Amino acid sequence: MLRVERLSKAFGGVQAIRELSFALEPGRIQSIIGPNGAGKTTLFNLISGVLAPDSGRIWLADRDITGRRPFELARVGIARTFQNLQIFFNMSVRENVMLGCHRHLERGFWRCLVRSPKIARSERACRERADEILRRVGLAGDPDAPAESLAYGALRRLEIARALATEPRLLLLDEPAAGCNARETKEIDALIQGVAADGVTVVLVEHDMRLVMNISERILVLDHGERLAEGTAAEIRANPAVIAAYLGSTAAGASDAA
Amino acid sequence: MRANWRRPRTGGLLTLALAIALLPWFLPNAFFFDVAINVGLAAIVCVGLNLLIGYAGQISLGHAGFFGLGAYCSAILTQRYGWPPTLALLSGMLLVGVLAFAVARPILRLRGHYLAMATLGLGIIIAIVLNQETALTGGPDGMPVGRFAVFGLAIDGDWMWYWLVGGALLVTVWLALNLIESPIGRALRAVHGAEIAAATAGVDTTRYKVLVFVLSAVLASFAGSLFAHYTGFLTPDEATFFRSIEFVTMVVLGGMASVFGSVVGAAILTALPQFLTVFQDYEQVVFGLVLMLVMIFLPRGLVPSLLGYAARSG
Amino acid sequence: MAEFLQFLFSGITVGAIYALVALGFSIIYNASHVINFAQGEFVMIGGMATVFVAAAGVPLPLAALAAIALAVAVGLAIERFGVRPARDASVVTLIIITIGASIFLRGMAGVLFDKNFHSLPAFSGERPLRIAGATLLPQSLWVLGTTLLVALLLWLFFGRTLTGKAIMASAHNRLAAQLVGIDTRHVLLLSFGLAGALGAIGGILIAPLAPTHFQVGVMLGLKGFAAAILGGLGSGPGAILGGLSIGIAEAMSAGYLSSAYKDAVAFVIILLVLFLRPSGLLGRAAIDRV
């Protein structure tokens, strides 16, 4: 589904990603972990088009998508959430999700200007779809409420809802459980599994090792912008290089929960 | 908590239509008609400008340049080349649209102060050109402008102008409301709310920013053309930096992201200086204070703040 | 050659004033990421206040100091009452607030002073010097000399003194600065006051050469801002480079091309800079962190 070849990105003197290559299988849940500064969010930014790589190529299902802009990538099926929530706080809960439908909507300028019936119909369908997705992520409560009225954990789910509305083939989740308590994390866990069951390829960047170990079919470990290791949860847990670089104290936490 | 998200759209439009229809019967003399017509013209500019500033979250400190260009286009084409006024008006809109489109992409890549400075620079350059090209524009001394006519019907006198401008304002507001409540409007608000998220969700953010920039410029040109024919005499003062700030103040005062707020803001800041001529010397003092106080204490502007207050207590 | 030098001299002279204004912009921007659109009014206050205080019988040097003090006070007031209450507002809001402040100050100047043009006597006489066929007024030397001195003092202040370094630290990371005990409110006040003084000094220096007026701050402020962006917002050397560049470019195009479009030069330059290299000559590009 996703193939990355010799990707590199530097900021000033800092080499954030260094000649990184890996491939992701379709329809699986995969995680990317690594110590802080390993380049995980930078990698997401590169894949979602927010940043352009210095060198290297990215493929989505045999289509070269290197250097394409974010909205173009959304249209070929890449959606993402953000580490530091990028919710539209100036809109309602439902409108946030409706924005996700954007690329599927009837939206010609002149039609919008005169409020043509086609637009009205398309909007209605979008509303229904948004409500459906909200129900699915567990936010059916009050769709007209302002987005800022939601609790933190709910906001994370709202971002996922918005991403789902774009009907992605590849979903990038940047720390979806960050700042969530145990119950909220469990809900996110179930949500992600449900999404993957629908055939969406899910990639997580996460620090919550319980979630990672529990949910991932494959794990990629990054350190200093390079690939350190790749394998199943069990393999990664046992990999001495990984433990040395990163898992260290949290290895105990992971085996407690397992 | 059900937030008062959308003003009842039909209610607002109806109120405006009613106000426009009933007002002239209450206006005692020509002076009041003049104020009302100027309010209407300013409001058209502000509704467009608000789409850019309030909804899309950009800024323009040079919109008087587009206003002035539209005005001078109409003036020059009708006076020096004998074009029919409606054609001249449409040509002005086209010219301004093309210019705005040409500069929009490079300008809208900028953010914050850089964007403000770029729009300001553009507006000032336009004003300087209008001032200097005396042969064409009459320079600082200005130039006369003939009457406006729509399909041969000459627009003469207060009442005709009032209905023309009032009607134009109503249509502008209707179109603006349609746009805001459409997927394009939602995309614009998303760009304002979290631009990168909007982009990754599939919104071509640059395209929409350019769209709303060009649209607001074209509206300003339209109002400028009408203004030129209405006042009958045009000077480059209509395109200055001060005028641009006046428009921005109206938008800010009335309410960012509020179409009716723009009308209210335009009304207050056009009418008040006319009636408070006593304070002529203090006009700038008051203006400056209004700007500062509104932005500090009522950053969302009058109409949204009042509506929010009403929703909370009602 | 003489002609070229003539234009060069006048360009450098006015460029030095732009540089002082630009420095004021950069100092405030560095401390707070706010663009103070009222910067030009400090220049106006410098000139106008000196004129009026001197007219009241106060000897010129004291009048000048009073004017500088007034400008500093105004700067502090803008920070305290205009900027601080809106500290966390959006960029657009802050821009509009400082624009409002500049309009307010202009209006007050028109009321408190008057709306006429005024001039100051040259500091050391009006006998022009002749250099390679071009004339140079002694006042120009005052302008250049003072600007260089000010630049040097600022360089020492920001580089060598603790307070100066504190301001730079606050600019880089407000939270970190607060955590190490720097009172960032004082830093902001200081930068506004400093910018006020710089602007006023510029206004006093240029008043003998170009008549001052209550609206003189508008164009000076805008061109100074253009100079700051040209040189790179936040860069001191950039401000000076930008100011001189714009001054010289203006003089040259007025001399060789058309004097009518002189004012447009600064803005054409700034549009080009913003389109091609927004970070300016010596500035660093900004990065959006996601």
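Letters are used for the chains, namely A, B and C, taken in the order the chains are written, and counting of residues starts over at 1 for each.
As a working rule, contacts are C-beta pairs under 8 Å (C-beta built on N, C-alpha and C of every residue); 3 or more make two chains touch, one makes a residue touch a chain.
As the structure is a computational prediction, the values presented were derived from the model and not from experiment.
Asker: Report the chain whose CA-based centre is farthest from the CA-based centre of chain A.
Answerer: Farthest from chain A by mean C-alpha position: C.
Asker: Identify the chain whose mean C-alpha position lies nearest to the mean of all protein C-alpha atoms shown.
Answerer: The chain sitting closest to the overall C-alpha centre is B.
Asker: Between chain A and chain B, what is the gap in Å from one C-alpha centre to the other?
Answerer: Centre-to-centre distance between chain A and chain B: 41 Å.
Asker: So, what's the distance in Å between the C-alpha centres of chain C and chain A?
Answerer: 47
Asker: So the centre of each chain is just the mean of its C-alpha atoms; given that, what is the distance between chain B and chain C in Å?
Answerer: 32
Asker: Return the residues of chain A touching two or more other chains; collapse runs of consecutive numbers into ranges.
Answerer: In chain A, 50, 82, 86 touch at least two other chains.
Asker: Would you mind listing the residues of chain B that make contact with two or more other chains?
Answerer: 196
Asker: What positions in chain C touch 2 or more of the other chains?
Answerer: In chain C, the residues touching two or more other chains are 290.
Asker: Okay, in this complex, where on chain B does chain A touch?
Answerer: The contact residues of chain B facing chain A are 1-3, 5, 175, 178-179, 181-187, 189-190, 192-194, 196-205, 211, 257.
Asker: Okay, in this complex, where on chain C does chain B touch?
Answerer: That would be residues 35, 82, 85-86, 89, 91-93, 95-97, 99-108, 110-111, 218, 222, 225-226, 229, 233, 260-261, 263-264, 267-268, 270-271, 274-275, 278, 288, 290 of chain C.
Asker: In their complex, what parts of chain B are in touch with chain C?
Answerer: So the residues of chain B touching chain C come out as 53, 57, 59, 61, 106-107, 110-114, 116-118, 120-122, 124-125, 128-129, 132, 196, 241, 245, 248-249, 252, 281-292, 295-296, 299.
Asker: Write out the stretch or stretches of chain A touching chain B in their complex.
Answerer: 48-50, 69-71, 73-75, 78-80, 82, 86-92, 95, 98-100, 102-103, 105-107, 109, 111-115, 119, 122-123, 126, 142, 144-146, 149, 162-163, 165-166
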